[in-house]
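What follows is a group of structures, each given as structure tokens.
One chain, chain A, links the two complexes that follow: it is found with chain B in the first and with chain C in the second.
On to the complex of A and B.
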């Protein structure tokens, strides 16, 4: 069930722009049939969509070796990213209401809209008042305090939630595994030094650090991810160190060293695959933690400015007129809750599946 | 060994019980004493009421006789205290009770001159008096600490005759020494008061002729010369003189003066961060004592928390945000318990968007007058004030309030005209050359900019989003960039922004020199948009030394017209203030500058809630 929910969120994250957009998929104007939606896709949209496509194709090609598939995926990813960053220049000044106005004035004959026909930052400027409308047939989840469609924002917020979760955890794992691995393998004074470093980093209050950074360097999602990654590696380092301390005495590692393999090979090819399981388990909890942190920051009003985020929507639910708008609280609140819950479920499932001790206990 | 309950333990237990019983009796005794005391208090209060009423009668009826006899009383019916005396004849007039105000941020410094806090000003107004103040209804200057004054014909010498029986809140008399000390202290370069020092730069010297006469000499004619001199913050020499400059600069709570209220704490002991600041009535006040015993300022940072506290009756005054106002206006229960004030004053100020014309030594896109005009015409101020300010705002055309005499009645608002604006932009060389929806200049510079605004305000955020959508229609890509207040101030000081939106508060007769004169472009000045217009400079300089009011107004009108044509700012709107006050407070009135002072309010005995 956890996986199903994460799958749904990931689906929204990838196909968000195709699901909820004020730009028609296709429409016919005096200039002929065109697709404003494709034209307004950003570089990030294209990269994510293309990567999803490549991933799907690679999953189908079962004959290829796993490592090769990863390599192809990464290679294609880099090429696509560079190409789309250079080539794709969507319009910056967007007037969402132009489509509705054109249709109303019959300048356009017909238009095929997306399922939710509103963009997350479409504030319906041609209409009188669209702030805090309760859910209706037109706006399935109501509208926000700025008059945007909540449903559309919910869909687009999935991407930010997932991006923060995966990227910050990814950074944390990279650092954690390398430092932890070195500590565990060399032990001695490297270990001693490393553990002090771990102690120093585990004493940093992440939320306060983030708030300070936002105050001084402005709002930047990438900076936020990096800080979360840079402060969150401590747990992974400790896990990896413990595993490596255990593994380095074992015969296959001794054999690898005796064969004269380079350190890199011993560490990452022989030891890491055997010691990475606890890291992966705690990573799924880490993702949940990162999503929660981002929501907290957005709730405090220190998140992104215009782009949607669940925490920010929750913040708006507090209401400016002292009025409680339930739809602004329930939908984002449950989205955060379910996502964090799902990751925790997945984490537990992973642990159950991987941990041999527990497996034995289950069989008894 | 067994742990038996022996004789010793019995004795200990008995002793403990005995102590508890004595404590209990003591509490009962205290309780009875308390009852007695409160009874005495109520009788005393009742007697106090009778005495005030007697005094009122005396003041209204036998008044003339007393003044002629002594000739020295401060309680003259048409003096500065007329407005405080007026409600005393009401049958339900009573002294006592507290008024509780909310503060939207924490106040870190109460010391005058060195604090740049708006809220500090509010406190200072009750504690420190100046030589003269403006009558709240006529806005004419009326004597306070000064009894009378004479101004020389060239306006350069002002002689104040001081009142003779004024005392500070510790009972020490106020003399001309204190006025001279105040001026010297402000001009002392070691005191961290650069803003005030710049203001008093116009004053050449302050000298005392005898204990009750002071002469101010100005360096040059300045239309606000009298305002500057009469409004000087009076610092007690015997109090402030005991500190060194460094001690003064580092102090937090040195608020002390002749006013009707004083700090509840000893000024030297006051520390910020208590969550509230209390002023108590100055028992040694030289004038007419106000009715309210105590003014409490509670620091509540969250908008909604403030509203809840007000609803629960924990606050007596509340200024809602526009959204809250819409909801509260419908709330019948609330309207029954509170009085509502809606008013617009000249001092209310205006909101604007400032276009920075120079950044890092290079002119920006906004250096072109046509671009700025176009930006104004793209801003639909009518609709914005209707939607975002729920009709509490009126679009304005310049820095002078339309209710004041300075505003030029012939200046007409720039209309909302997107097509005209687009034509102007095209004329200035901006059009979409590469088909990406954003207009660019001939050399390919895209018309994109960031608008900075304070992050804490929901209203500014909505405004920024609104502007973004409006400018997008003309192919201008604007990015909202909310900043923390301190960072924003820093960025403005360093002139590192494309455009920003904020508000200026107003004065009765504004001096545009501070904001629009090219002298103020240099470091620290408030002309942070690098706006230079030599004609305007000349007009401002001329108006500043014109003492004749009609002639000066004519010059201000010209200034207004030039500013309107140049649009260094897009002037957005002036706003109506909305204020809820608790019903139990009586004699709350509208005056020219807003709401009358706490000193004029009272709470009938039956309705009193605090400090009983």
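On to the complex of A and C.
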């Protein structure tokens, strides 16, 4: 169930622009049939869509070696990123109302809209009052204080939630596994030094550091991810260290060294796959934690302004207009709740799968 | 007995001392061990658990974790191209009174190298390529997350300049050599799908895939059934005969030694206490500890009398008794000053036994014996 919810959120994150957009997918005007939506995709949209496609293709090709898959994925990713950053230049000035006006004036014969036919930043300027509308058939989840469609914003916010979760956890795992692995393998003074480093980093209050950085460097999602990653690696380092200390004594590691394999291969090919499971468990909790932290910051008004985010919507539910708008609290609130809950469920399931003893103990 | 046309040993361990720093202070696991292995020879190293057998072997490949381990003294000379008998006249330092304690560089034609002085990078070239090792526990010696084939291929690709498809051929041949039927399909099997004997065969195939000159076998059959043990030992003998490699066979099973080894080193408390050809040691065990070992071995068919055990326990290596470490358990000990005062050096016992060393004050001829480096170059084909 947890996985299903995460899959749904990931689906929204990847296909957000195709699901909720004011730009029609296809429409016929005097100039012929065209797709304004595709033309308005940003470089980031294209990169994410293309990477999802590549990932799906690679998953289908079963015969490929795991390492090769990663390599292809990374390679294609870099190429696509560079290409789309150069080639894709969506129009700067976006006038959402043009489509509705064109349809009303029958300049366009027909248009195929997306499921939620509003962009997250479409404020319906040409229409009469659309602010603070409660959920209705037209706006499924109501509208915000700026007159934006909440449902569309919810869908687009999935991307930020997932990106923050995955990227910051990814950074943390990379640092943590490498430092923890070296600590566990070499032990001795490397271990001593590493543990002191871990202690220093675990003493840093993440939220305050984030607030400080936002104060000095402005609102930047990537900065936020990097800081979350840089402060969050200690747990993974400690886990990896413990695993590697255990693995180092294992016969197959000794055998690998006795075969003359270089250190890199021993560490990452023979020890890491055997010691990474507890890291994966704690990573799924880590993703949940990162999402929560991002929501916290957004709720405090320190997150992004233009881009929709669940925490930011929660914040807007509270203040603007002096009224409490229940739909703006409930939907994002539940989204945060379910996502964090789902990641915890997945972590729980992973742990049970890895350590059946624990499950037995819990049932007693 | 030290002729001039004597071949160079492939491996010579000289006065090796390894200690470990633990909570109870520094513990000497290996204390002045001398061993030699000649090309094509099988050296059996026998002794109780914790007597330093495995540490000696691990030191050869620098696999002793440092810290907590540390090499205190000694050297391990590795001579990958030892001269064949008669072909290389050598300026022999061995025939002179070279004390095993000095550890001086042996002068010889082909330059032996000290493996203990090698860097990690240099050792990686030696490991698996020149000296391979197989371990006691086949159930855990293979990485559970990779197929058998991948692990063999990795070792082959690392040491030999061959393409992947050539490496696959070598791996298949290696598996066939160790008697695994249907070798090609076995490459795609994970370790947990194999039995213990099969896995040990795979380990041997992996170790031998790069044609090493020396195989360190650390109790290769201890964890296996008796029938499988026999098969594995038979296999090792066969492969040794085919390839002419040397084997250092570490075991606590005297039967295995008698069957397989040419030369025996009996170890006790980090020392070699007796050293000689299998025939000499088994016919005339000199050291009281060796005699005790034989007495404690059951003999098939004679179950009338109880086995004799060696009284007492293995001494704590952190707190060895003074003098001869064996004297508190020794049958020959009768309150001698010699035994409690000083550790008897490993002396060649002359003139009755040739090339037979023992370190015991009570052995006849010990005092007349010379403190030469123990060194037996016989390759007795007892199993030919």
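As a convention for this text, the second predicted complex is superposed on the first by the 354 of 364 C-alpha atoms of A that agree within 3 Å, B and C clash if a C-alpha of one lies under 4 Å from a C-alpha of the other, contacts with A are read in each partner's own complex, and residues count from 1 in each chain.
Note that a residue touches a chain if its C-beta (ideal position, glycine included) is under 8 Å from a C-beta of that chain, and two chains touch if they have at least 3 such contacts.
Note that the structure is a prediction, hence the values are computed from the model and not measured.
Superposition of the two complexes onto chain A shows chain B and chain C fitting side by side, with no clash. Contact with chain C, but none with chain B, is seen for A:261 once the two complexes are overlaid on the shared chain. In the superposition on chain A, A:274 makes contact with chain C only, not with chain B. In the superposition on chain A, A:188 makes contact with chain C only, not with chain B.
Using the contact criterion defined above for the overlaid structures, shared-chain residue A:306 touches chain B, although it does not reach chain C.
In the superposition on chain A, A:252 makes contact with chain C only, not with chain B. Note on the composite model: angle chain B-chain A-chain C, taken at the C-alpha centres, equals 130°, rounded to the nearest 10. Of the two partner chains, chain B is the only one that A:95 touches; chain C does not reach it. With both structures placed on the common chain, the touch criterion links A:32 to neither chain B nor chain C.
With chain A fitted onto itself, chain B and chain C come no nearer than 44 Å, counting C-alpha atoms only.
Looking at chain A, you'll find no residue that touches chain B in one structure and chain C in the other. Within the complex formed with chain B, the chain A residues making contact are 89-95, 123, 125, 129, 145-146, 214-216, 218-219, 301, 305-306, 318-323. Against chain A, the residues of chain B that register as touching in their complex are 303-304, 307-308, 321, 323-324, 326-328, 387, 436-438, 446, 448, 455-456, 458, 461-462, 465-466, 468-477, 480-484, 486-487. On chain A, the positions that touch chain C within their shared complex are 187-188, 248, 250-252, 254-263, 265, 269-270, 273-274.
Of all residues in chain C, only 61, 63, 65, 67, 120, 123-129, 132-137, 140-145, 154-155, 158-159, 203, 206-207 touch chain A in the complex they form.
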